[in-house]
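Okay, so subunit A shows up in both of these, paired with subunit B first and subunit C after.
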Partner chain A sequence: MSSKEILSWIMNQFNDTVELTYKPLELDNKKITVLYIKSLIDQELFQKYILQPFFEIDSEEKLQVYLMALPQFQEVPSKEEGLLYVMEGNVLVEIQENLYAIDFKLSKNSDVNSTSVETTIHGSELALSDNLMTNINIIRSFYHEPSLTIEYFLKGEVNKPKVAVIYDQEKVKTTALEMIKEKLKEIDKQVITESPQFSNFLNQKRFSLFPQMLLTERPDRIVYNLAGGKIVLLVDGSPQCMMAPVVFFDFMTTMEDNYHTFVISNYLKLLRYLGIFVCLLLPGIYIGAASFSPEVFRTEFMLTIAGSRMGVPFTSFVEVLFMLFFMELLLEASIRLPKAISATAATVGGLILGTAVTEAALASSIMVIIVSAVAISTFVIPVNEMAFAIRIVRLLLIVVASIFGLAGLTLGFLCLVMYLVNQTSFGEPFLRVYNYRKENKKSEGEA
Partner chain B sequence: MLKTVKTKFFILASISSLILLSGCGEFKDIDKMVFVSMIGIDESGNPDKPYKIILKLYVPTSSFKQNPAPEYTYLIKEGLTMDETISLLESHIDKELDFGHSKLIVVGEKMLQNKKNKVILDFLIRRPDIQMISYFAVGRPNAEEIVKFAPAGETALQPTIFNYFDNSGAETSYIVTSFVFDFRRRMKEDGISPILPIVEMDESKTHFIINKSIVLEEDKPPYELDSEKTLLVKLLSNEAKSIFYEVKREDELFVTRLDTIKPHYTVDIKDNHKVSIKVDIKLAGIITESKNSLRNKELPRYSKLLDEEMKEKVTSIINELKREGYDPIGFGLSLNSHTLPKNRMNDKEWLSAFQNADVEVKVDSSLKSTGSIQ
Partner chain C sequence: MSRFYYYLILINMIANIISAVPTILLYYREDGAVSALIVGAMLGLVIVVIYTKFFNAFPGMTFPELLVKTMPKWFYYPLLCFMAIMWFVAGASTLITYTFLLIRYLTPDIPIMLIGLTLIASIIFGCFMKTDRVLYTIEIIFLINFPIIIFIIIKAYTSKSLDWDFIKAAMLHVVEMPNMNVITACIFLSLGVVNLVIFNRFFTQKQNFGLKQIIVVAFSSIATIFTTYFIPMGFHGLKSIDELVYPWVATSDSMRMKFFLIERLVYVFLLLNLSMAFLSILIHWHVAVELFKFVFRLEKIKYKDIPIGYLIIILFFTAASLFLIVTLTEYQLFQYSKYFFNLTAVNFVTMIFLLFYIARRMKGAKDSKN
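Let's look at the complex of A and B:
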């Protein structure tokens, strides 16, 4: 297929859109044809690197060599590729029966965001940007290894965003990489907009509770995990990336753990693990102890609970579910609300729920303390996806505890551990204890 | 396909069977339970209904600040058997009686004299909701008065009497602590006698006094130990943490505070089939009070005085126990523990052997200071 035919084929694809610009230029003995979408390209660059040289360089051959020397230069192997290039913001140039693409993409979303989800006190406050190339630039400039490999895929029938799979060839766990690539091939979706979607697309189980991939926006976490052998998935237009394979303990670490001294970071870790147990088990323990086996706690404590429950019209589990329901509503609401209002909403909600509910004797004052302890400890979990999963598990444990008491709660917790042990993330055991085998260190995610 | 049908069937079957299960314990909200604080068991004097059960019940308060005064309700009933009486008592109250938090069982003194302790123990052991870690004590003059008595200074939700036994409050060495499980063990075991604290009230009825104890032995009347003997028995059974001990010898009169108490005893059978009890006590402490002025140089002499005093007292208490045939320290158990079963003595043999045993006491004390700053 000649270059002329390709150009006319591409134009046919766009048929009626006015966006497409087709310009044959002819001066003296030089003749080139350019084709581009006006809104996608950087017009200044186009002017500077194509139009100006066209008028300055005297022969067609020299012009062609000049074009090939440009860093944005790309060959056009087929008409489909050519179409894609145009849509990605390339300028197609036809010269001497040859068709080239010059990348003049104008991207207005390449600013680096500041961290909003994984904020830390120590460490960088810059996150990824919305632009894939900027993101790869960030990663490459943090990770200087020739073995760092980036593979691009186009996924999504309709919007066709670029998907980059990044890994360190020497350190990556090959079975996981193959599995991910295979599953990537199977993806058959119309629209893909954000990288978190891949977590579900690559997961073949329909109902999965715990995340199979780790979502992050921090470049330092990406670099750390790349070095640990993980595979990073980036989607153009998404400021977050997915990492796999993961273990449960990845979700319990923050990057700050590496920035503190040994004692402090271990203390913080301990705090975090205590927090996860509190937010998982505390409501269940309350129900089990208050309604099934009041002898497990100190006498004074049980009497205080009994006293504070006086006049509460609900049984303990209704009380817990009632309060947790409002707490979850408050949480959800404060995410959706604009920032200026959400603080007020949280305060008002907290005050009303906290004091008014006990004043009205709809819940005991101990219950309010438990609910707020649970809410606070949920926030201690550093990765959001895990916090969501834990919230669901907590509900299940409440149900088990209100039917079978403390023994049921213990059994339910055991079931949770069994479930976690049974899970795998791209061939890696999900509940593998952090760094348990030194020789596997290379292939293991250590974040 | 078949697999999914199987899983669905499994889930359905397990859910329906789970609903039928009652689980462990019934769902009962905590405000529908009433917690028993103490159980008192007395003799009623009525031959048709010999037992009198007194239950002290907590009245929960929503806020300690609003209601700091102790508040209790009592359930009292006489009956032929203890369990029947309690089940009748359950019909006297709108909530379920929960024994899970009852920490003390007080038995009237008369009950012990009439040898009802086995029946009581049987009842306590068989009832699953009575905790084996409850304290067991003897009430004087009877259980009812002790259970009903709230001493001055008691606040809501915190019965002061528990503090006497659990070492978190009082740490005196005059109080013997006996748990139900330990009491049962001593009852069943050969070679060790149960020992129980006696709870009394002072004359003005403001406080408890617990410094005497009572030793039980099968087929024998209970034997009371006064406070000094109680102290020595505690010392010998390695339960005393620190004691104040008065020495009155050779014109000296001083009080020592002994912090390190290491009693050690060995029980052996000698060649002539005679049991010998060797007691070796190591003491260390300081002098805290004295009538005469003391000199640091003479500390070894004071230690010697303490040795002699202690040796005399310990020998006399062991001899007394041995003469009467009570063994709260567990010499018999100690002997049995290193004798082969075929060589062990039976109860009667042991009793006569114990009564004829040789006792040898050795005290080795070191006083570190006269307590004064020079």
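Let's look at the complex of A and C:
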């Protein structure tokens, strides 16, 4: 197919729009044709690097050599590629029966954000930007290894965002990489706008409760995990990236763990694990103790609970669900509301509801303490997706505890462990105790 | 030795503390229990060493696979079927004991069927996990519970109510002829190693099993057996101890945590042992399921693409154990456990000859190949 035909084919594709600019330029013995979408390209660059030289360079051959020397220069292998290039903000230049694409993409969203989801006290405040190339630039400039490999895919039927798969060739877990590429081939049908949504498409189980991929906005976390053999997926236009394969413990670490001293970071880790136990088990323990086996706890303590439950018309199960329901509502509300109002919501919900509900004897005062302890300890979990999953599991445990008491709660927890162990994230077991020291000379296999 | 190997042995020992084993040991306290403990511990250790060495020689191979290579069909199908039933019963006996315990101590107002069903439902699906996943589950749950185990042991040995004079008096019975039932119960305590018949699949590399490892196993088995027998003795004395149905629960109820949220240690003990019983049943039933899978080729039984083979096993396990839970009384359970322990001991001791035979055949096969 000659370059003329490609150009006319591309123009045919844009028949109904006026966006596309087609300009044949002719001066003396020089003749070039340019084709671009006006809103996508940087017009100053276009002016400076194409138009100006066109008028200054005297022969067509020299002009072609000049164009080929430009850093933004790309060959156009086929008409489909040409179409994509135009839509990505390239200028197609036809010269001497050859067709080239010169990248003049204008990007207004390449500013680097500051962290908003994973904030830390120590460590960098730098987050990814909305622009894929900027993100790759950030990663490349923090990870200096020649083995860092980046592959690009175009996914999605309608909007075709660019997806970059990044990994360290020497450290990557090859089975996981193959699985991810396999799955990437299969997704084609959807509109893809954000990384989290993309991760749902990659995860083919319909009812998976726990996240199969780790989302992050921190470049230092990306670099850390790249070095650990993980595969990073970036979607153009999304300030968050996905990482796989993940294990449960990835969701319980923050980057800050590496920035503190040994004692402090271990203390914080301990705190976090205690937090996850509290927010999972505390409501269940309350139900089990108040309704099934009050003799388990020491007498004074149980008397206090019984005393504070005096006059509460519900069973402990209803009481817990009632309070947790309002807490979850409050959580959702404060996420969705504009910042100016969300403070009011927290005050109204937390302070007023909390005291009023005990005064009206709709819940015991101990229940209010438990609900707030549970809410706070949920926030201790560093990765949000895990916190969401834990919130759901907590409800299940409450139901089990209300049928079968403390023994049921224990069994439910054991089942949760069993479920987690049985999960896989791209071929890696989701939950197991790793012995990093002995990882290389392992004395047992997988069966 | 891989750490997962020790879990298999340790879980079996700890879980048996709540089964009928201590009751049997203490029942014969004046008829040669103490000397039998020593003999039982020794025999148990011998079995552990032989079985470990045997399976270590064939890394990554399960017992059925070895049988296929060395034995005729008419021999190994009935044997494996028998073994599968045995493992099912071993799991079921723990299950029944724990159901009785729960209804007696923790949840007396819940119907026994529901308790049994909840326990079964929470375990049965885990049995179909892959072998490595079963081991990971065991490791995580064991690690979570490990501090509590240590705490209870320290609490027991340092308790003021523990009277060492009772223990010394009990020890005086060492001169009597060892009692057969006690020996078999002791052997059953250290039979966790036999789970290797399936779990050996996981140990794909040759393990290092030398004197050091044997000492570790010996120490843990002697310590467990000593604790199982003498701690209840020290708390309750020689005379009145046979009035207790569950000597260890009663013993843990004799301990108090003065300043803690939970005052009576018995509830900590019960919940701890719930998880240990859970793991023990999980291990036993996983082996049983795998053996049944091998014998009946369950994955091939299909009805309209639904693998009903697994469904049959689930239904069989559930129905059989529920039936046992409803029909058995605690006394019967005690009696039958005794017979079951005798059976297992005899079975696994005689199986040692089979192991030697297989090892020879395998060696011959290897030599002829080269």
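Miscellaneous remarks
Simple rule for what comes next: the second predicted complex is superposed on the first by the 433 of 447 C-alpha atoms of A that agree within 3 Å, B and C clash if a C-alpha of one lies under 4 Å from a C-alpha of the other, contacts with A are read in each partner's own complex, and residues count from 1 in each chain.
Everything that follows uses one rule, which is that a contact is a pair of C-beta atoms (placed from the backbone, for glycine too) under 8 Å apart; a residue touches a chain by one contact, two chains touch by 3 or more.
Small disclaimer: the values here were computed from a predicted structure and weren't measured.
When the two structures are aligned on the shared chain, A:Phe379 is found in touch with neither subunit B nor subunit C. Contact with subunit B, but none with subunit C, is seen for A:Ser308 once the two complexes are overlaid on the shared chain.
By the touch criterion stated above, A:Ser293 is placed in contact with subunit B and with subunit C alike.
Once chain A of one complex is fitted onto chain A of the other, the partner contacts of A:Tyr152 are absent, as it touches neither subunit B nor subunit C.
Touch criterion met: A:Phe404 reaches subunit B and subunit C at once. Using the contact criterion defined above for the overlaid structures, shared-chain residue A:Ser316 touches subunit B, although it does not reach subunit C.
Once chain A of one complex is fitted onto chain A of the other, the partner contacts of A:Val433 are limited to subunit C, with no touch recorded for subunit B.
Touch counts on subunit A: comparing subunit C and subunit B, the chain ahead is C. Residue overlap on subunit A between the subunit B contacts of one complex and the subunit C contacts of the other covers 292-293, 295, 299, 403-405, 407-408.
Across the complex, subunit A meets subunit B through its residues 290-295, 299-300, 302-312, 315-316, 402-405, 407-408. Subunit C contributes residues 1-4, 60, 102, 106-107, 110, 114-115, 118-119, 122, 125-126, 129-133, 136-137, 139-141, 143-144, 201-205, 207-208, 260-264, 267, 270-271, 274-275, 278 to its touches with subunit A in the complex. Residues 292-293, 295-299, 301, 403-408, 410-412, 414-415, 417-418, 421-422, 429, 431-433, 435, 442-447 of subunit A touch subunit C in their complex. Residues of subunit B touching subunit A in their complex: 18, 23-31, 33, 35, 37, 58, 60-64, 98, 100-101, 103, 131, 157-158.
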